[in-house]
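Two complexes are shown next, each including chain A; its partner changes from chain B in the first to chain C in the second.
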Partner chain A sequence: MSSGSDVTSKSTMVRAIMAKDLKEFSRDRFYVFMSILGLVFYVLIFWLLPSEVDETITVGVVGSEQFDFTEVSGRAESEGLAIVEYETTDELKAAVEEGDTVVVGMAFPTDLSNPTIEVYIGPGVPPSLETAMTGIASEIAYAAAGVPPPVSGFATEEIILGTDRAGSQVSLQEKFKPMLAFMVLIVEVLALAGLVASEIQNRTVKAITVTPAKVSDFLTAKALFGTSLAFVQVVILLVAVRGLDNGPLIMLTAVFLGSVLATGFGLLAGSIGKDFMSVIFWSMLIFIPLLIPAMALLFPGEAATWITFMPSYPLAQVLIDVSAYGAGWSDVAPLLGLLALWGAAALGMGWLILRKRVQTL
Partner chain B sequence: MADPAQESADFVSTRHAATIFSRDVKLSPRSPLILYALLIPFLLTVLVQGVFGDLFAPQPRLIIVDDGHSQVSVDAENLEGIAVTFMDDRSDMLDAVESNDADAGLYLPVGFDDAVIAGEQPPLEFYIGGESLASNRIILGVTTLELVRGIEGGEPPVEVEVVQVGEVGTDLDLRMLPMLLMMAVAVAAAFIPAASIVQEKEDRTLSALLVSPASMADVIGAKGAFGVLLALFTGFFTLILNDALLGKAGVHLIILLVAALMMVEFGLLLGMFARDSATMFAAWKGGAILLFFPTVFYIWPNLPQWIAKLGPTYYFIDPAFRVIAEGADLSDVAGTLAIGAVIILALVPVVVLAARRLERTLASG
Partner chain C sequence: MPLAGRDWPTERHYDLGVIASIRATELRYSYGDTLAVNDVSLDVAPGEIVGFLGPNGAGKSTTIKILTGQLTPDSGSVTLLDLDMASNREAIQARMGVCFEEKNHYNKMTARENLEFFGRLFDVKDLDADALLEKVDLLDRADDRVSTYSKGMRQRLMIARTISNTPDVLFFDEPTDGLDPVSAQAIRRVIKDEASRGAAVLLTTHDMMEADSMSDRVSFINEGHVLVTDTPENLKLAYGQRNVRVRSRTGGEVEEVVIPMDEEGAGERLRGLVTDDVMTIHTEEATLEDIFIQMAGRGLE
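Here is the complex of A and B:
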């Protein structure tokens, strides 16, 4: 009987502290406005990023009727090489200079007694493409002259390792989703750390603990408040960037565990920082390394081994695996388990250090 | 009769300002924010040069395993715009290509060159990563074929002439430099003075200072001078790190001075108006976009450039970019810089009014 009423009383205390925190946050209209503006800004960044991967080299050509491009590339036009025909060399040059339709061009000789192929390179064309274009021009000429390639099997026996994603690459927009989710988590946890630091600095935490509330109620309230605040904002972001289209339950689970992780570090930063500015500094010091896994996902290739040991790695990997590659529960279960462990460790560490700080006030 | 508070806010006593300035300098090694301002140029340079350059303009990546000391490997080392890596083990190469650590892999067995020269058309072990872009597959495939043609010798049946059309584009590293420079100057000249004023307000040391012979003008003057000097240092450091001085240190210093003065005014205003650190940080988070947006137009030059001119910071960012990217002289950018100077002068009365307001607020408790 008494244990039941203890639980009720404890939950009332925790709810009261959370309500106080929420009121404190919402009272600062400017802060609320800026948080909303930040969220809008992240969503805007997402929709401004390229939603498709341009895998095609579009080449403008003049006088190519007698030459066959597929002889060289071994591919159909839809697989990386697109040809746009122009009537005259001047038209082609103008198009290459403008750079909207084509950035490279080739003018084939009409008079075969003076066999020169002119390759036009537009502004900003990378050197690798220039090299490839001169190579293509040469190979077209070799093919037209009936000279066989120096090796066999080239372009006809293509060996592809791994899943062939040509034509269905993951866009930069998609790759940015974990990064944006992390940014929201960081900002919200900065807010939590600031709140904790100000309670320590102003000793309101001491005032709270002379009421029937205990230090554990204070810590529980902060952990729940921080997790809820971060979770709600990341979910809003994910809805706005269509991040819940694939595996919504897995995504929500991952984001919840990520919010717990971030709250743990937020409590830690809030305990260490003496004032708002030092809280920002400590938060940044903790969170910038945590951004690394999300940044690593922006680049091709497997993450380095040391990155996989970072607490934020499983969160970033689950978000990208589910939203971009359609992974299911069984695919990401080990990562979710790892994330839960990291979250528990971070929360435990933040809890212990904050409790020690409060008790020594 | 003039209001004494007003007078004290308007005139800077060099002696008092110098005392406050030297106190801020002495305390700066203990401030994590100063450390942050000093680290920013270095960290951003590493990030931009090492990370974002590859993100927006990724190079095709080729791994070569050469068991036969082929000429292909020698020539591949000189390829421009292609990231070539050499490995010793064929299975390591296959793993790397499969896990998308490279776009393609090439295995050259013993005797490959001899077979090509003898016209035997040996098979080419060329592996493509499934996640590589179709365009990179073509680039690497054709380039590899051309390298093998190099062993074969002989003249191609046609001459290939490369014609550069239009102006040569500016490298991404260079296009991102305005943002880097802006970040270095903004943190040092705007964020640090703003944070310093807010911190003094929160700690009530500002009120304590004002009961001393020092005036609000002295405090603001000292904070501003500290921000300007720090910004000149971080800005110059950023240019050195990015190899962008190009023997025009004098021109850069003038541009940086305009940048630092303008940003310090914004920082002082922010510090004087923000009631606490949280408000200041929130304002910085949202308001910085208004200062930073002109830099975006250098990263994406196809955007309508007139929009950049709406930002006050354009009037020092553009001169800096033109000096760095186009080798412009002071006379070429003087007009734009003059507009920047006008903005600085126009902001002076606003700063003075804000200082008077703050002094009144503090005096009234």
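Here is the complex of A and C:
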């Protein structure tokens, strides 16, 4: 047996620590179970979500024979309206009240000398739709009665400001992709934080620092291991949910930077946490707010200004922009830059706090 | 070469006659306003075992952290194997073994995996884990996870890890604390073997009997300051009291007489007591703890 007289190369030591971390991780039933189960569960959820946007509004109508709804129905369908005819007003009202398929009802007059259209609005219909339907009612009446609409002669030109997202609605599946990626990142942050906390708690890191390995080798190994673990798991998820079909290189870049960000927070949680429960507590405390940007994407409209200042915002936005809207490098470059800055800041903070923790053991 | 604290007579110092494997010179270290290590100087020769003794909070752990490169002293210098720690930390640590008091193993890994991992960090090309484990009587449990080990087994594995890189300098912190006599004896044997092959050993222990029997020299530290460093025999001669305890039966009564041998006429008194009535005669000498109390005014606990 002989010990190397030369100083062991840094990469050998970092690799040795990473291999040891992988061995420890693979023997931790909790994190392995959570990682595998989580992946299967998230992929399952994804494929159970609706993949298409169905924004057709079904409108029930009642009218005398003066109204011909057949032609109107054909035209309305292309505008996202389905017209269903009812025999009597009572039947129409019952259908609207039930609200299963028909959300708005319109009873057209039999007496055209006093033309009043009654519009029945179902419970839970948003006010915006209510107003729109009232306007549409007269349009349908004119069209069905074979007379021109009240306003004519204006040529209209549609100019979309910003991204036309009304014309290419995103399915719930697409909207969920960033959220699922974040859920995977949470488990990996927990796993990394658990490993770090256990090194501190069991004082094994002290045993490492009296070998030729430096504290910086230990920190490098942890940062690389955490980033690799998170990156691989998120990539597996994205492959399973066809998240790399659009702009795979951009997606991989974003996931890598997101993994760096998550690793920074993992090092931080592991440095603060003293045992398993406190690691869970700190990881959740740090990561639940980071879910907000991904959650915001589930709702229509632009994200609130304060959300754009969250470290996880650029990651969520890049994932949805690329996978759902086909954004390219030039579109997401500022967001990737911002994500890189957040990642560097989080990793730097986690690194410094963990180094301080190790040095004071 | 001064080995002990400055307040003690120089004739108590020990001339190693060789280049010390461990040399600490006037180390000082403070935690904030608290001076933990105050002008500590210490030398350990190749093949020598030096017991480093002192109560909790005396500065032992801080001194060892400085000597093993875990802490940088505020002032003073550390030279191990003739290399300055400040500029050769990694090269020194490659030839150093540290046995911690806490059993800091990777519990989800087996004993063999633990040894192999540290072997890679030390860049030991031909690590013989089986031989190491056999040395500490753990070969039959080599592939069991450390989480299934008893305290004694973990400590024996710690010893195997400490010597896995065949170090030239060894630090043992309470290596037999809380162990059964058989395990403790096995560990003492390994430490002796390491010293026999030429490694310098600094041994921290609370067990005064162990320090007495294992150490070539002992160093007392109190309140961050080394009080004295010398062989146990010299310390006992210099600071301890030798007694002879004689028990005799006179008529139906058992009589016990203690004769301090350092007193004038002690030999004459002893000869007078040696008759057919003597039941037992015991010699008594001061323990290291007695000497420490005498010097520091407090016990080692």
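Structural remarks
The criterion applied here is as follows: the second predicted complex is superposed on the first by the 244 of 361 C-alpha atoms of A that agree within 3 Å, B and C clash if a C-alpha of one lies under 4 Å from a C-alpha of the other, contacts with A are read in each partner's own complex, and residues count from 1 in each chain.
Convention: contacts are C-beta pairs under 8 Å (C-beta built on N, C-alpha and C of every residue); 3 or more make two chains touch, one makes a residue touch a chain.
This structure is a prediction, so every number in the text was calculated from the model and none was measured.
By the touch criterion defined above, A:109 lies against chain B but remains apart from chain C after alignment on the C-alpha atoms of chain A. Look at A:212: by the touch rule set out above, it reaches chain C but stays clear of chain B. In the overlay built on the shared chain, the residue A:20 is in contact with chain C alone; chain B does not reach it. In the superposition on chain A, A:203 contacts chain C only, with no contact to chain B.
Of the two partner chains, chain B is the only one that A:132 touches; chain C does not reach it. For chain A, the partner that touches more of its residues is B, with chain B and chain C as the two candidates.
In the superposed pair of complexes, A:122 makes contact with chain B only, with no contact to chain C.
By the touch criterion stated above, A:248 is placed in contact with neither chain B nor chain C. After overlaying the two complexes on the shared chain, residue contacts for A:298 are found with chain B alone; chain C is out of touch.
Applying the stated touch rule to the two superposed structures, the overlap between the chain B and chain C interfaces on chain A comprises residues 28.
Those residues of chain A that touch chain B in the complex are listed here as 28, 30-31, 34-35, 37-38, 41, 53-57, 72-75, 79-81, 93, 96-97, 99, 105, 109, 115-139, 141-142, 144-145, 147-155, 157-167, 169, 172, 187, 190-191, 194, 275-278, 280-282, 284, 295, 298-302. Of all residues in chain A, only 1-8, 12-13, 16-17, 20, 23-24, 27-28, 202-204, 206-214 touch chain C in the complex they form. The touching residues of chain B, counted against chain A in their complex, run 32-33, 36, 51, 54-55, 57-61, 79-82, 94, 97-103, 105, 116, 121-135, 137-139, 141-143, 145-146, 148-149, 151-152, 156-170, 195, 199, 202, 276-279, 281-283, 285-286, 289. Touching chain A in their complex are the following residues of chain C: 68-70, 90-91, 93-96, 98, 100, 102, 104-109, 113, 117-118, 120-128, 131, 145, 161, 165-167.
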